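These are the structures, in structure tokens.
Shared between the two complexes below is subunit A, which has subunit B as its partner in the first and subunit C in the second.
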Partner chain A sequence: MKELFPRKQVMGFIFSLVLTVAALLVYFLDLSFALGMTVLLVTAFLQAGLQLVVFMHAGESEDKATIYTNVYYGLIIALVTIFGTLLAMIWGMV
Partner chain B sequence: MKIDHSQPLEYGTEQNKMNILGFWIFLGAEIMLFGTLFASYFTLENRIGSGPSGADIFEITPIIIETFLLLTSSFTIGLAIHAMRLGRQKAMLTFFGITLVLGLAFLSVEIYEFFHYVHVGAGLQTSAFSAILLTTLGTHGAHVTFGLLWGLGIILQIKKRGLTVETTNKSFIFSLYWHFLDVVWIFIFSFIYLKGLM
Partner chain C sequence: MEFFERFAIPHPSPAIYASMVAIGLTVIAIIAGLTYFKKWGYIWREWLTTVDHKRIGIMYLISALLMLFRGGVDAIMMRSQLAVPGNTLLDAQHYNEIFTTHGIVMILFMAMPFIIALMNFVVPLQIGARDVAFPRLNALSFWLFFFAAMLFNISFVVGGSPDAGWTSYFPLAGNEHSPHVGTNYYMIAIQIAGLGTLMTGINFIVTILKMRAPGMTLMKMPMFTWSALITNVIIVFAFPVLTIALAMGTMDRLFGTHFFSIDNGGMDMLWANLFWVWGHPEVYILILPAFGIYSEVISTFARRNLYGYKSMVASMVIISLFSFLVWVHHFFTMGQGAFVNSIFSVTTMAIAVPTGIKIFNWLFTLWKGKIVMTTPMLYSMLFIPIFTIGGVTGVMLGMSAADYQYHNTMFLVAHFHLVIIPGVVFAMLAGLTYWWPKMFGFMLNERIGKWAAWLIAVGTCVAFFPMFISGLDGQARRMYTYSEATGFGFWNMLSFIGAGILAIGFVLIVYNIYYSTRYATRDIGADPWDARTLEWATHSPVPEYNFAITPEVNSSEALWDEKKKGHKLFKGSYQEIHMPSKSGVPFIMSAIFFVFGFAMIFSLWILAIVSLLGIFACLIHRSFEQDHGYHISVKEIEETEAKMGGAKG
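Moving on, here comes the complex of A and B:
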């Protein structure tokens, strides 16, 4: 039975639960907007990185450079889209 | 067909490696797709017209339940792939089955949530906010729904053919898809719900 629950993945799961509870503190504690957003950004991106490395085995295969390049490319386009939109439509800086 | 036994079976042939890489490229495109939905959501979230705002309609309990269901299902599909690499077909199918049951439970809560939103007057046509909210959540929910059917198909195929070069490859690719949906949910959970309730 024990070999079916590898330590790395069990620890990964526990850590992801801890990150979720940490994110929930934003709701249960009365934080300022800036502090709350900081907490959410940190927990969400840590959580995403955790899934990628521990569960999706992103760094295991010989084409890992290609996989990471592709993920970073997708991520950069997504972030440019989101922050570009915020700049033009919400923050009114463009 | 040449099988490289120094690798896990799902990476065993050239075709398998290409399938996995191809799926990663698809996931890159999915990141951009959800990026555009989040960009639209952040633009429209305050355009509530005469309808309710996020803080008015979000309920924390179903959101927490959904998050834990999906996080746990992401863990169990990881365990399924681990069991698959050990050649433990029965354990693998058990973990795979648990994953889909958790996915179905997640979907049920989400459907309840949609009923709730429409019930409290936030339908698809109420305001720009309610439209982009339901579109973003619905796109994620549609992915989960598709994943349930896809996963069921893979389970049936493994039952029939066992763990082969093809079925392990499909299972691994499915696990990538499922973990990705969990990642998207984490961003929905953080930047739609918790930000809206803050």
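Moving on, here comes the complex of A and C:
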């Protein structure tokens, strides 16, 4: 019985609900902009990681290395794009 | 009547009415021809529903060549208008529409399908596979691109073409300054084509990573396959940015949002930013497959293995990362400070280093080679010097302080044509000539081919070198006319002559295809160039299953090993082959996408909703469809192989 119960998935599901509630609270609570954004960003990244690992089984096949390389590559490009854009459009404007 | 007024051209001219008539007549001629020769069934069975990567490749090729001529006509019109000062051949509005559609057609509907054509045809053969990983998706990619191209091309007779430049910067591209539907065509047609490209990206990454023949490790892949892998990685990471930017632009234009407006918290510069976040990687998407082709051609016709395989691979991997780090060099003058510009100047210079490494590797490959000067080799040799000039002027543009002088002048126009034409167009023509015998079973005439190559090379130089000078003298790009006092007349006349020479070169290529189809010998065997890689180990024409027996490989030049080192490619006996079945859904779904796009462009909401439902119906059909493909029996394989002149290996 124990082997049949998808413990990891159920835990993952609960955790992902918790993350959703946490993110939703930003709307209902009166947080400062910085704090609200921080909560949103942290929960968003955790949520995305959770989905990839627990529900999309990123690390469970022989293609593990390829999949993670792809994810990290995508992450780097996304961060470069976002911070580069902020740099060019806002911080660096004179 | 009021309903139909929206489809009228806002700024008509006799030339446009003539094109309408021409388009109408062509459509009627095609329909009548197909009916008369009873070819509808054939077209549907063999082409419209095919999922075979080779046929899809050939359809991409034909579309790309058609678009090359569409874009070429635009180019000739622009050069004619500018040939003399104060010319009135075109007015400002027409000139705007022509340079806009020229850019989009050439980059998105000519260069992209051309590289995808060659990738489709060659990559599965080069890695010893029977097809791509997702053959049905591949068909969908093609048909989405095809219908998007058609949608874009009807703009000049229905409703008016986009006129805000191929970069379509806001606020000019916003409703306020571009009130007619032209820019809607831009936003929606490119969106649909982009979806197809993104699918191709995923498809080829999976194909190359998962479907290589036994023994072919990553570092034993032929260089063209490597370049295709890197290109598709860049596609997958760059195109989503364009998708989002276009979606935001569409919402601004159709639904009154304010992402890129100047008021209500919008930011017009963000469009330029997002466009180039995609746009710079895009130029590397175009150039890397070309590098791959040159690597194949140069090592085949220098009769030796490619010099510095590892550094070739490393430089492409580095380029794929760096290409995402330089985009701000396209708008150094937009107002960000010296600090930001310096950062992006440095990254821009850095990317020239891996590019330079590749040039040196080719030179070293040639160094001790026994060079055979065939047409593809001639293109490669003409590419190296012209591309180097284009690249070096790129580095000049990359110096942000100096770019204040060059930006948006003809100097910039000279730069990018002198990288794109030798880089992409020469490479595609080289690849076309090189792989033509594998595609069609005969070779293109070498003498006419070389004449065309020389004419195109000379034409390119004569057409674009003068722009460096007139650009430094201050001639701005995208100006529809200039006065005699500027002194630009002479240089533009030269450019016009160059464009004429280029045009003759392209006409010669068409003539070559005609001539060779009629007169070339069909008796050329499977490997007419004495080449080195796996695609030449198949029969010509390639049977639908590509390889009767899956090849086994132990280096990046498997066929050469077989020819010279006694390596045995095909071991074992025939097995039943599992093939994907045909499907008409990709075609139908893309046709519905065309209707959907058209409805969105003209804000015909009911039609848009209905066609959107049609698209979902196709998706649902696919999800519940039971399709197990079909099998080719050993007996059939034996028959085919015997007909093709006996089993190989």
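FYI, the second predicted complex is superposed on the first by the 87 of 94 C-alpha atoms of A that agree within 3 Å, B and C clash if a C-alpha of one lies under 4 Å from a C-alpha of the other, contacts with A are read in each partner's own complex, and residues count from 1 in each chain.
To be clear about the criterion, a contact is a pair of C-beta atoms (placed from the backbone, for glycine too) under 8 Å apart; a residue touches a chain by one contact, two chains touch by 3 or more.
Just so it is clear, the model here is predicted, and its values are computed rather than measured.
Engineer: In the overlaid three-chain picture, which partner chain does A:92 touch, first (subunit B) or second (subunit C), both, or neither?
Structural biologist: Second partner only.
Engineer: Mind working out whether A:3 is in touch with subunit B, subunit C, both or neither, as first, second, both or neither?
Structural biologist: Once the two structures are laid over each other on A, A:3 reaches subunit B alone.
Engineer: Return first, second, both or neither, reflecting whether A:40 touches subunit B, subunit C, both chains, or no partner chain.
Structural biologist: In the superposition, A:40 touches subunit B alone.
Engineer: Just checking: does A:79 make contact with subunit B only, subunit C only, both, or neither of them? Give me first, second, both or neither.
Structural biologist: Touch status of A:79: first partner only.
Engineer: Per the contact definition in the header, classify A:66: touching subunit B only (first), subunit C only (second), both, or neither.
Structural biologist: A:66: touches subunit B and subunit C.
Engineer: Looking only at subunit A, is it subunit B or subunit C that touches more of its residues?
Structural biologist: Subunit A has more residues touched by B than by the other partner.
Engineer: State which residues of subunit A lie in both footprints, the one left by subunit B and the one left by subunit C.
Structural biologist: Residues 63, 66, 73-74, 77, 81, 84-85, 89, which sit in both footprints.
Engineer: Report the residues of subunit B in contact with subunit A in the complex, numbered from low to high.
Structural biologist: Contact set of subunit B toward subunit A: 11, 17, 20-21, 24-25, 27-32, 34-36, 38-40, 42-43, 60, 64, 67-68, 71-72, 74-75, 77-79, 81-83, 86, 88, 91, 95, 175-176, 179-180, 182-183, 186-187, 189-191, 194-195, 197-198.
Engineer: Under the definition above, what is the set of subunit A residues touching subunit B in their complex?
Structural biologist: 3-6, 9, 12-13, 16-17, 20, 23-24, 26-27, 31, 33, 36-37, 40-41, 43-44, 47-48, 51-52, 54-57, 61, 63, 66-67, 70-71, 73-75, 77-79, 81-82, 84-86, 89-90
Engineer: State the interface residues of subunit C toward subunit A in the complex, per the touch definition above.
Structural biologist: 209, 233, 237, 241, 267, 269-270, 273-274, 277, 321, 324-325, 327-328, 335-337, 339-340, 343-344
Engineer: For a test of understanding, state which residues of subunit A touch subunit C in their complex under the given definition.
Structural biologist: Per the touch definition, subunit A meets subunit C at residues 63, 66, 73-74, 76-77, 80-81, 84-85, 87-89, 91-94.
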